Every structure is written in C-alpha cells, then in structure tokens.
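Both complexes below contain chain A, partnered by chain B and then by chain C.
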Partner chain A sequence: MSMKKLVLVLLLLSSLNFLFARSFGYFVAQDGEKTSSNAYGGASFGLVLQPFQRSFLNPSLFVSLSMGTDMQSRFLLPAATMGVTIDLFRTMNHPFMFIAHNKIAYDPSVSVGMQLRFDDSTRPALYFGASPFKFSQPDFWYEFCSPFGTYSNKGWSWGVAIFRFTFLCL
Partner chain B sequence: MRKKIMVLLTTLLFFGSALSAKTDYFDLGVTVGSRSHFFERGYDTSKLSLQYGLTMGLSDVYELDITATSQLVPSFFGDTSAQVLIQRSLLGFRNSGTEIAGMGFNMLLGAGVGFSTYNPYAKFSLTHLLVSFTPAVAGSPSLCKRERLLTFTLGINIYTQQVSLYLDILTDDFYFLGTYKDHQR
Partner chain C sequence: MKRLSIVLLLSFILLGCTSTASMVQSPSSDTSLGLEEKLQKAGIDKVLMTEPKIYYSGTEWLAHLTSLVSNAKKYVVLTSFLASDSQEVELLYQAIVKKAKEGVPVYFLVDGVGMFDMTESRYHLIPLLYLNDTPVHFLEFNPMSTARLISGSALLYRYHQKVIIIDGQTMALGGMNLNYISIGATGASLQRDSMYEFSSPGAIQEFLDWFVPWWNDHSWDHIDRDSFSIENQPDKEKPSRDAWFINQVPGNKQLLQAYGSLISSAKESIEILPFLPALDGNMLKALKEAIDRGVKVSMVISYDPRTSDRYLYLPLLEIGVQMRLESEKADLGLLHEKLMVVDGRYVLFGSSNFNYRSMALSYESSAIIDDPSFAVTVQKHFQQYFDDAVEVSLDEAKKWRTVDKYLMHLLMTVGG
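The block that comes next holds the complex of A and B.
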C-alpha cells in the first residue's frame, strides 16, 4: 500500500472517530430549587447524548427528571426537563487539576431547555442553566455548584445542583 | 457579628494548632461537600445545604474535622451551623506518613459537637452532640484527595433532646499538607 493510500485510510478512519467515542450516558445530581411559593430538595436523574467531540461550542442533549421533598416534607416530582447544553470550550490548561487523580479537562457550559413542571399546576417553563465548574474525562463528567433558573406563568424560580456526575456508557 | 467572630477565632485556633503539629502523620486539607439535615424541621428548614471546612490529621488513625454547614435552598447562605468531629479510621492507617500511598479505602467513625442557633433562645451556641459513621472513604491524604461517601451523623440537640440526622452523600477532601509530595526525598 502506497503512503498516499495509507494516509487516506487513516484520515477516513479518524473522520469516523465519533462513531467509536462514547456519546450516550446517564447522570445523577443532588440539587434544590426555590420557587415563588415553595422549595424543593432532592435529586435529578437523566440521560445525555453528546454526538460530537468539538473543542469549542460542543453541544449535547439531555432529558432529566427531578424528585425530592418540599417545605412540608411531601415527596414530589417538581419537573421534567429537556434541553441542550453547550460546552463553551475544552482545555487542559487550568488550575483545577487537584479535583481528580487523573488528568481532566475543564469545559464550562451553559444550558437552555423546556420544562414541564408538576408543582402547583402542571405547566410549561423555560429552563436556563450554567456549569462554571464542569470537568470531563473521556467517559465521565463532574459538575459542581451549577446554578439554574426557570420561568413559567408562575414567575421565576432558581436553584443549584451541588454536584452532577455523568457517565457515558455507550 | 458574634457568629462571624466565633467562626474566625475557631479557624485561627485551628490553623495555629495545625501549624504547630510536627508528626509525620500530620496533614491538612480543605473539605467541600453536600449535606442534608433531617428530623429537626422546627429549627432547620433547609432543602439543600453545602458543607465546607478543614480536615486535619492528628495521628496515623485519628483526624479532626471542622466544618460549617450553610443553607443554599430556600435561603442562599441564610443559615449557618458548625460541627467539630474527632474521627478514627476503621480499616488501618489513614495516612502512611511516607511517600508511599498506603491505604486507598477506609471507613471512619467519629464523635463531636455541633454549634448552631437551633435552640429556644436562637443564639449561636453549643447545641448538638454528634456521632458519625462513614462507610466508604476512597483515597487518602497521601494521595492529595479523598472522597467520603454516604456519611451518616446522628445529632442530639441538648436543648430539645431531639435526635436528627445529617446525611452527606458526597464529601471531598483536598489536601495541601502531609501528602506524598511532602515526603518525597
């Protein structure tokens, strides 16, 4: 095989790399939310799909379901959310290497999406989120202290996810 | 203001004692983690809390943990309490005291006291006796990082005799003194 053909084959294989990288996974988060009339604390569970491996503005899709207890200690499902997350950039040059034993990338992100809220009356809502402390390995993401807000016909609510761990399994 | 002064004095006292420690097993780290407080709803209305503080190795098996717990939801940093615990590792030494990493998995059992405003006078004072158990500790001070999982801390309010539970799903310790880096020749 000539050198040109070999290079061509390697280029072709590398262009198909995304097919081999893990792109689908699940996450769990511990979070809480303050609405205009109540507050919730609990956990969120969800699925993510990250089809690309871009260094800048890398998108991923997510769906999640939050659950927890409210101020009267009643167990509730406050909301289901679907949206898109954009990793603003990914870098290995950052001051947070002490977070993990392995080398990790720093890739802060922002999210937008739609919610179906089940607290009070069932209604749609807009969802906004940010993860200023998001770190990633090839198949594992760590996120700490991620704020989020929602807007519905009942007004604004805000919350924070103390941690969110995502594992890409497929 | 008095609460801030008390926290500041405690921190200074802690740093002072830490810097004077000279044992091979001495280590010092920063603690950050989540915390939920159950069964004391009359005083604590938090739905999500953050704990942060310092952890100090006293010997190969004993450590001192001083943490503050601040409510995040529904009131952002609207309520803060403090806990002081002496803990013992149950599966061998917690820090090898050498450049060798040693134990990477452990368990912790501890006892201590809590300071809060959870009393009839709403004054920041000694309010709780604490007993704590951590079933899984991954990492060690030698490795610079340690994770504590599913820590259960039972608290008895000495004013109301109410028993409550602190549940810490995940607590991270980041060590900056007493790690393998300090023992490298």
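The block that comes next holds the complex of A and C.
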C-alpha cells in the first residue's frame, strides 16, 4: 500500500471523529500476514465499541478491514474481521509508564472473531488474536507486537500487528 | 493526487472547527432581552463574587501563588495552558510538590503543547513529567505524540484555561500561564498580563462540577467530587457583586454567547484587549452592529513581531473600531492580557482571547462581573495602554492585505 493512500485513509477516518461517542472509537494498525499461499503487509482500519470500563475481563467489540500489498506488490484486501476483545486485567503496576506522558495502564487482551477472507477465494475464517503489550488511557490504547492467526478451509495463516493505536473519541 | 490530498487535509481541519454564529444569533442578539436574561437563556447562571484583586505583574503573582499553595489546608487545583518548571519558578513547583507530600491533594492540569512551548520559555523549560513521580495528581490534556496524530481534528482542541482554586475558598482566573515567560522572567522578557483573584462559591462549584467528571474521563487517576469542599460562607468584609462564570468546553458555545450578549447589550462603550485578534465574520458582525448603534468600540492590539494578526486591521478599522497598536519600539514585554469592559459597568476577564480559536476550539474560563467601580479602575488601566499605543491608518492597514498575511491570518485563526 502506498504511503499516499495510507495518509488519505487516515485523514478520512480521523475526520469522522465528531460522529462518535466516548466509548466508541477507531483504530489504525500496521500489520502483515503469512498465508498458506501468499503474504501481505499493510494496514488495518477498524471501529471499536467499549461499553464498560471494567478492571477485569473488560469486553469490547471491533470490526476491521485489512489492506496491503502482497509479495508481487499487488494491492489487495485480505480480510474483513469482526470480533470481541477481552482485556484480561488492568493494572497501573508495570514498568512501561515511560510510554506516555500521562499515567497509562497495562491491560493485555485476547480476541476472537469471524473473518471474511478475500485472498485466493472468498471464504469464512476464524480469527484469534492476542495483545500481550496493550496499554491504555481512558481515551487511547496503544498495542505493540500483537500476534494473530486465522483458520479457514485453506488452512492456517498467521500475522503480527506491529502497532495498533485506538482513539476513543470524547 | 496532490490536489486531492490538499482538499482532504482542509476538510479534515474544517471538520474540527465550529461555527461562531451563536454570537450574533438569539439569545445573544435578542434586543428584547436584557443582558441577564440573555446569559440565563445561554445557560450561564449568575453567581456572587467578591471584587477581584488584580495582579498585573507576573513576578508578584508568582510570589502570591506560591504563598497560596504553601498555606493550602484542604486541596489545590491548578490548571494552565502552558506550564513548565524552570530555575526562575522553581519555588512555586517546590511548594506544589511539598504540599502534595504533606497530604493535601494537589490537582494539576496542563495542555499538551506545554512541552513544546515556543516562547522564550523554551530556553528555560523543565518539563513537568516529573510530577508523575510525586503525589501531585498530574494530567496532560491532549498530549502531542506521533501515535495521537490519529486523533485527527480532536488535536485542534486545546486546554487554554488558567484556573486556580485553593481550599474551595479562593479562585483566580486570568491570562497568566505557569511558565517562565508568564511569571518567572524579568524586564522585557516578562509578558504583561493579569490574574484576578476573588471568592465565589458559585463559580468554584460550577467549575468543580465540570472538572471532576471531566478529569475522570481523561485519567485513570480517579478523583471524587465529594472530596472537594466549598467554603459557602460569604466573606462579610468583602461585599459580593453579581457575576457570571463562563466555563467553555469546545462546542458548548458559552463563551460566544457571553461575548455576544455583552456586545449586543452595550449602549455606550466597549473596550477590548483581545490579544491575538483573529476574528471571523460573525465576530466582526457583532462589533459592527454595536458600532452602528452608536457604541464606541476601542481596542489595543499587542505588538506581535510575527505580524500574523495584521490582515484583520483593515476590516476592524472599516467597521469603525478605534484600534490602536502597541509601539514596536516600546521596550515592554508582550501584552498578553485579555479584557473586555462594557459601558463602564461590566468587566469580562479570564483566559479567553477575543478571537476565533478561543471562541470555538479551546477550553476557556472567564467571568463577567457587574461592578461599576471596579470597571472604572479597569478602564483606567485600559486607557493607559490606549494612550501609549499608536493609531493605525487605513493606508497602512491596506498594505497588510497581502497573500502571505492572509495565510498567516488563517493559520492564527485555527492555531491561535
């Protein structure tokens, strides 16, 4: 995916923030995936709904669309995903406070969901993800090196989101 | 592709902006209503307030504020747009940390651009992040970071309030930041500004009722509204005046309606220290309507070496504003004061500049006090600035109607 396209999509998404309420937000991620027959690198954009602010097992819903280029530099939309994320716990006792200016919580999460894959052939898939390095403020989440995997009739694929930033609009 | 990018970028910026139309719409402009009714309809409730004590010297305010913090018994709330430690203001910050260590809750809110202070303060700046390692409850609003660029137009909203509350009894509003150039510098490096200290249980309550949930929405450092007591007994030695406290959150338009109501209610005179006067069409219209009614509108504009405010001099002069510009040669600090006096009776003071950014894109806290004797004192202060400033001719103003000044004006309109 070209830088210009990425910037344009970012601008479009960020311009929409006035539509959202606080528990609702959007995210941008840079990720890549290796499938049984191909590999791609690009970005994912999605929406998040977090109805609660629980300290343990806090759920949120997400939908996302991945896009990027494959090994032949062809632009493609590998998958659309919807699922639920559970923050396992939230703690302020961690050594990563330096990440942000304001106090930031450590709240690793796991995700499960359904995917509609568009690579090779259109087909459903199961989605599994984890964010072992997820940090949050009431209005912003930072996630780094989040692995994910999917399973469809073409077998397993796996990938990593290098970073994922989520802004919960106020 | 480039054109599309520019269009999208402009759309992105504009989507974050807010209309100022309510300054010239009902109830602000309703001629059948008195000022009090207009403010009430705008949701700005009347409070009682003692006559403010004004601090025009940053160094005096620094000493006084340090003393206020040092003597606090119950809690301290400090909010500022730009705030940073430096050798010159370290006594204040030492007092803040010491007070928190004594067990008195201290809440400190600062805007995220404070770390990127581009004034003279940048040569003295010690970031306040160290407060996170102290018992001070510290919050930076809208931090500026690469990750947060995805916040988009929300990054345009800045926290511009300067509110001080000590023990629920003393409140101060004004234009002074808590950084070197506002309160720590000396001579021409020190900005000329003002802070107004008063007692007003109603204003304190209104602010805290908003502040506590707002803080909890932005920080994991949860605070409890019940822990903020308010001293409700009026000071018998200091008679109270009618006043209105304006707590503007971007989008609630309280400030627009307060200014609009004051301007549309003026009968004789309006004196304004606007700081950066990047007015939009509605603000100009409000002033023009007052001038057309026969109201004398006077304005003193700070000398800004960037000259980014000069594009608007011509329309201000053309609508009849008696506008004066501070002399470039005057060896004085930047005039950073914000003030409006109406009919020698109402005084509006606080953090808000008379410009688009303050009206639409910033958190601001200001107050209007109905006090003719206080207004006369403030008018004299204004008149001194007015007498020392120089008139701007129409020919001179026309020279500043250039493309580069227009672009700077646009930048200042959004950027402040």
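Things worth noting here:
Quick note on the criterion: the second predicted complex is superposed on the first by the 148 of 170 C-alpha atoms of A that agree within 3 Å, B and C clash if a C-alpha of one lies under 4 Å from a C-alpha of the other, contacts with A are read in each partner's own complex, and residues count from 1 in each chain.
Criterion: a contact is a pair of C-beta atoms (placed from the backbone, for glycine too) under 8 Å apart; a residue touches a chain by one contact, two chains touch by 3 or more.
Everything quoted here is computed from the prediction, not taken from an experiment.
Contact with chain C, but none with chain B, is seen for A:102 once the two complexes are overlaid on the shared chain. Taking chain A as the reference chain, the count of touched residues is higher for C when chain B and chain C are set side by side.
Looking at the shared chain after the overlay, A:122 reaches neither chain B nor chain C.
Once chain A of one complex is fitted onto chain A of the other, the partner contacts of A:167 are limited to chain C, with no touch recorded for chain B. Touch criterion not met for A:93: it reaches neither chain B nor chain C. When both complexes are overlaid on chain A, the residue A:137 reaches chain C alone and has no touch with chain B.
Once both structures are placed on chain A, chain A residues 100-101, 163 are touched by chain B and, in the other complex, by chain C. Every residue of chain C that touches chain A in the complex is listed here, in rising order: 1, 4-5, 8-9, 11-12, 15-16, 112, 115, 129, 132, 138-140, 143, 145, 147-154, 216-221. On the side of chain A, the complex with chain B involves touching residues 30-34, 39-41, 68-71, 73, 98-101, 145, 159-160, 162-163. Considering their complex, residues 34, 36, 41, 45-48, 50, 72-75, 139, 143-145, 169-170, 174 of chain B touch chain A.
Looking at the complex, you find that chain A touches chain C at residues 4, 7-8, 10-15, 17-18, 22, 26-28, 92, 97, 100-105, 137-140, 142, 163, 165, 167, 169-170.
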